[in-house]
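Structures follow.
Look for chain A in each of the two complexes below; its partner is chain B in the first and chain C in the second.
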Partner chain A sequence: MQSRFYLSLMLISGLVLLMFMAFAGYRELAPEWKKYQKEYKELLVKGAKDENAKKMAKNFSVELQQLYLGDLKRVDRCTSCHIGYDNPAMANAKLPFKQHSGDYLKNHSVEKYGCTICHYGQGRAPEKDEAHAAIKATAHAAGAGAQEKQARKAAPTGEEHKVHWDFPIIPVQYIQSSCSQCHDSEFLKNKGGGKVVKGEEFFREKGCKGCHKLNSIGGDLGKALDGVGSQPIAYFPMKDVAGERNTYSWHKQHFVDPRNLVPESEMKVNVTEEEADFLATYVLSLRAEEVPKKYRRIRDIAPAAAPDGEALYKMYCIGCHTTGKESMYDEIFRRTIPSIKNPAFLKAVDDKYIKTVVTEGRAGTQMTSWKTTAAGLTEQEVDKIVSYVANDRPKDKPELFDVTKYKADTKRGEDIYKVRCALCHGKKGEGALGINLRNPVVQNADLQFLAMTARDGRANTPMPPFGKKGVGLSDQDLLDVVSYVKTLSKAKK
Partner chain B sequence: MNVNQSGLDKFKENILSLGRSFTESYLRSGKPTSDKSRTAAIVNNFFLHVQGAKTHINTLRPTYTLGLGLISLFLLIITIVSGVLLMIYYNPSIENAYNSVKDINYVVFAGKLMRNIHKWGGEGMIITVLLHMARVFYTSSYKKGREFNWIVGIMLLILTFGINLSGYMLPWDQLSYWALLIVANIIQSPKELTDSLGITGLFDIGAFSKEIFLGGLNAGKEALTRVYLLHIMLLPLFLFIFLGVHFWRIRKDGGLTKPDIYEPKPWDSNLMSVPDKKGGIFPTNKTYGLMELAHGRTPAVDKDVENSVLSWPNLLVAELAVFVATLAGVVVYAFFIDAPLKELANPLIPENPAKAPWYFLGLQELLSYSAFMGGVGLPGIALLGLALIPYLDREQDYVGTWFSNRQGKLVALQALVVGTIVNIGLLVFTVNFGWFRSWWPKVPQLLITLINPGNIWVGFMIVWSLWVIKKTGSTRMGAIALFTMFVVSYVIFTMMGTLFRGPNWDFFWSTSQWPVH
Partner chain C sequence: MSSEAQDKSGVSRRDFLNIAAFGAAIVSALGMLAGMFRMFKANVHYEESLKFKIGKPETFPSGMSRKIDDKNLFVLSDEGGIYAITAICQHLGCTVFATEWGYQCPCHGSRYDKDGNVIGGPAPRALPWYEITQGADGNLIVDASKEVAKGTKYKFS
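And now, the complex of A and B:
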């Protein structure tokens, strides 16, 4: 044979080429959806009741299904596999042939809405893994335990398949978060949107906006929540998420135990598993992109009565101050949260003082400034909160303390402080069980207020009255000690 | 022909002989069955006549060329064909680019395979073009009138890099977007030098070039349009022009280089068909191709004719075989390995680490030492150095022999070993101890621009090859040392950037140690 080397090279590589062209052709001609549609056709034929139906079933043509949704800027090919979605005969069939549950499709024709507008997932992909875009937890972390690594080894490779798609299919427990894109809560309440409505209620009443801004109103300890429901996965630390690693699991697990996912989190939340579901559903409904107007069914209902003081207190304050009746040391904030509805406190301060604290906040603490330019409350709203807080003020006026009668001796005050106060407030006033006395609000308060507080104590808190009626310090002692307290900010830590 | 034939009869006869008369009109010298008609088949064909009518057996030896230039050309053809098919669906707008690539992957018939072929064919070109350059270098094929063609080859290398890079940015996914930003920052890197010289205020060449490239201050739709233009038109246009020149000059130089003294080996008979002695116009051992009649010093007139064979069919069979093998290789690779496509580009989520495509990660490693030197200085020096090799080494011996001689082999081996040790040592030092900035945080940037691991490495290469020139008394030996070290460092720096750099460009033994987000 002539040119033996090159001819054999050509022959061998030609055979390899033809072989792989054939493989590739087969792969192209036998996609996943075709397999499903053929199975579906068999189901149709088997389920046909009469000759006519059988004939129709046999005429079912296997072809790629596509919903082009120009207004929604989507292309959904989900129905290529979920082919029985509108066939009542498939009500009890297995997935993916099962008919769509409920009567949702009656008012939401797939031709107009498609699938992914509610269910998320990657509509363009006609393959299960890519379309559902499920991201299984895998142990590619260096810190992953041996057990996890073992599990990873045991798992079939398909489980590790990483789909680069930010919005995997949403688990049905959170699906109602999609409803509120178009429907208002009044409507949803009675029409199967109970979860998201409940979630919204919790959101209002658990004081979430005390730390999180929404539509630029709310505190700033936490992240603003606008559009949080459609933020991509990369925004969230997914390392410790159990189960599927997506934003849905993240939100749910974050409500159950925030510090498990974000160790440095200061988020205060105390909810049951079920409530966490509601809250996650609501938070997931806060999406950045609005659906086109003609899809929305949010009615112009009369605006609900403006929230009263109590509602506002729940919305913005309850997260940290709880009922406001007890002061307690907070492990996460590492400080004592004052009991602002404590009668003893209210007796000592007037509305103006409370209003100042609410509008200006307390620098150096977690207390937010609630004025319009900061957390975004109007003055009327602040007034409502103040008067709600002041509701519990006792009628009797406190006995005033005349600071001009005595001359303060801070040296003597220091000695008394060490004996009487340091145990709770710390040797240098840094706070322990008691509040931090070095904080600006204490340091800027007038002597009279401090002396009265020391004298009368705070009922329902660990702070006892130190005056004659309690521990028994004289007015001179009290003045000395509070004068010393006011020097603490200058002292070295 | 019968003059008495009626018109209709003639017409009928013409129809019946249509096949034959068409073949005759196409192959005007008849079927390539004789030496004469085989020669004519080459020289009369527009596409084939860039090759000589006769080919030296040395050219057919796979151990000499390794087929690298041909493979590069065939990869180019494969990427062009697959690229045109991709263009049918691809939409170069930031709204639709990503979706159209998704559609190519998901629903276009064989779209995913075509995209894989396009991607791997293009990136394969980088490897084969670099290897082809190495082959040309080590066989001294840049000498004896081929000096300028070496420079054309370097232009082709740059264009190959450019086309690959611009293609990388088109899908508009996270990889594209952040690679685009890295490239924009490389383009901006002269700013580091102008800043430390204090002349940025005069004319900010860095920011200016970046703005020209991106079509604005940020990477957006203008940038995508420009990159698309570069990828499908401007760069290919230049590539074709330079490719034409490249081939034309090879033809004018009398084909590929070959050793002065050629020794036929028995195995050579596997590379060619037995010459057809009958009906030839040439005497058995004495032939003149058309080029051999030209005067001047370039063509190999009357040299080694006894070791030449007719290009038809010998060369064409070899070429076709290499083409089929190349295509098979790309298809098999593309069948198993998918071209990456990440999430939609999101300017708010930086990839950490944001990496350029792999073939630029060596540069990115240098860039991490000094933006100016890594982005402009060192690549500029490297390309200039490569271009100057034929002019600085003018020894004309050993053309067509791998590594020139025994000494050349030793010099190359020595440079390989020493280069690998020194280069890795430099990286180990930098990773463990940092550089000026980590020792004296307030050190002026100019000092780092001037003295950094990248510069030190280039300096070492230059000093080493000068020492080799001094020791051996041969510029060719110095060139071998320099080129070997260049190849070594390209590979090592690229591997460093690809395999061992993680988030914040920190060192990691493997990606499995990267901190998980």
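And now, the complex of A and C:
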């Protein structure tokens, strides 16, 4: 009885083992690339024009192809399936046999460069799914519609993470991000690298560095962007990314609508779909690893002229202050961003004051300190920005306010403040529609400056003139109220 | 497993079970052994391929001789065609250099004539010639793993 039980057990396990072996044997003998190469061989034989070519085609040996790239520390086996990459006869063949497009391979021989240095993907994998490592979202088509997002949340799918690889194959729309590993933008401009060059331009002109550091220069509201292009997927919240869930889609969609992917994001962007493509391409070109020197073709070009005040303003300020002509309440920052090119403001302040604000920043607000040891601007650069901001200053001198003429009464000032100022600046000066009055720049400003501001208001902003020409407060009232404002930093919140 | 089934099954059925069970075990064991031997032969190695492109045929006009340094190879061309001779001395693997009369090894003085035959020194054998084929893109491909008979020259269009 017992021996029969063990016999059956042996039979069953033997059969299971056989099954597995047959499967393993099949996988070993009929890998994906072999199927493709056999098909390619048939194509070659069919397309042979003369006897000699036919003989050569028949001699084509089906074997795993490998590009060993010692200098790049890569092993690429892509050509095992993309076997027709260098065959002009395959120019119109279907994938994976199609010849490589363009004449890129003429100067980038596959033997020297391989494939993954530009295209990413897992070079060693001899199977399509693993080599491309494309993470397809299955439940929805590409696109970032709110409706889709809802649908996805309702029916989450578990199939999206079929193969995980940090650097899946890069979609062709962002492929130019690979070019700048070896080429300078001057070269790329005319040689098929227009997207990444445009992206770099936008990056400079949309004020990205106002919040993001690059090479340790820039603001600190956002993340530093050094090497962000080769940061693996795990660094990015992929939950709400539509279409393929990889860093490439993430960057693009994050430019279109940052808060869709990162709800707490304070990033300000206002770009079209196309511009988002350029910017994503540029950002993806900011890679951490460097290709070996002998591959790089970055020429010694004369350094571009140092940016002038306007260029610097665009680079670092425009993101928040836009044109600087109007102040506006910002929904994301939940505060008013002051208009720094407003003539009324410029009339009341001198360059030294602006420079102090730029170099020291405004503690308690989003305004960063831009000195060399913080955001990394040199003093000359700050001076250029200050003089650019100040070039809208009206010629006429402001009417001074003589603070010595009156004796300030802060108790009276408090009463006036509650009636006149608290609505916009908050009960304790914490700011709402108006700016925060507790911040150090206001608190450290002299009484005369504050009194003049209160008296004359700020044209083109919600701040009206409170002096005789406006609301009608007397000079004594004004002095009382600004003296009270100066005590706000000591008051409890 | 009722006793009735056992009665009906008789000896032959038990034999079948015996044979099937042992058969399956033995076949799978043999299969695994075969699989293990398969492991000895790798599909590819982690090293540079011995097959490599050297350029288009028109870059090797008749009468030219070029050393391809990083591949340790001489590519020569005459009326008979293009041919490739290794630059690795067959004695201890130094790189030979071309002279007026053939090839000279700098290490232990081996000397070869223009066809690679040994004419002096400790070299035990002649410099091998390699197969040249033409790839689909028109580039010539040398396969340093395939030696061909001395004097094999290739004509390409």
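Just so we're on the same page, the second predicted complex is superposed on the first by the 448 of 493 C-alpha atoms of A that agree within 3 Å, B and C clash if a C-alpha of one lies under 4 Å from a C-alpha of the other, contacts with A are read in each partner's own complex, and residues count from 1 in each chain.
The rule is simple: contacts are C-beta pairs under 8 Å (C-beta built on N, C-alpha and C of every residue); 3 or more make two chains touch, one makes a residue touch a chain.
In this text the structure is predicted, and so the values were computed from the model without any measurement.
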First (chain B), second (chain C), both or neither touched by A:Tyr104: neither
Which of chain B and chain C A:Leu7 touches, first, second, both or neither: both
Which of chain B and chain C A:Asp86 touches, first, second, both or neither: second
Contacts of A:Met21 with chain B and chain C, given as first, second, both or neither: both
Touched partner set for A:Leu64, first chain B, second chain C, both or neither: both
Shared chain A surface residues [contacts with chain B and with chain C]: 4-5, 7, 10, 13-14, 17, 21, 24-25, 28, 64, 66, 75, 77
Complex contact set, residues of chain B against chain A: 62, 99, 102-103, 106-107, 109-110, 113, 173-174, 269-274, 313-314, 317-318, 320-322, 324-325, 327-329, 331-332, 335, 341-344, 346, 349, 512-517
List of chain A residues in touch with chain C within their complex: 1, 4-5, 7-8, 10-11, 13-15, 17-18, 21, 24-25, 28, 44, 56, 63-64, 66-68, 70, 75, 77, 84, 86-90, 109, 111
Chain A-facing residues of chain C, complex: 1, 14, 17-18, 20-25, 27-28, 31-32, 35, 38, 43-44, 46-49, 52-53, 133-137, 139
Residue ranges of chain A touching chain B (in the complex, touch as defined): 2-7, 9-10, 13-14, 16-17, 20-21, 23-25, 28, 64, 66, 75, 77, 122, 124-127, 130, 140-143, 164-166, 232, 234-235, 237-239
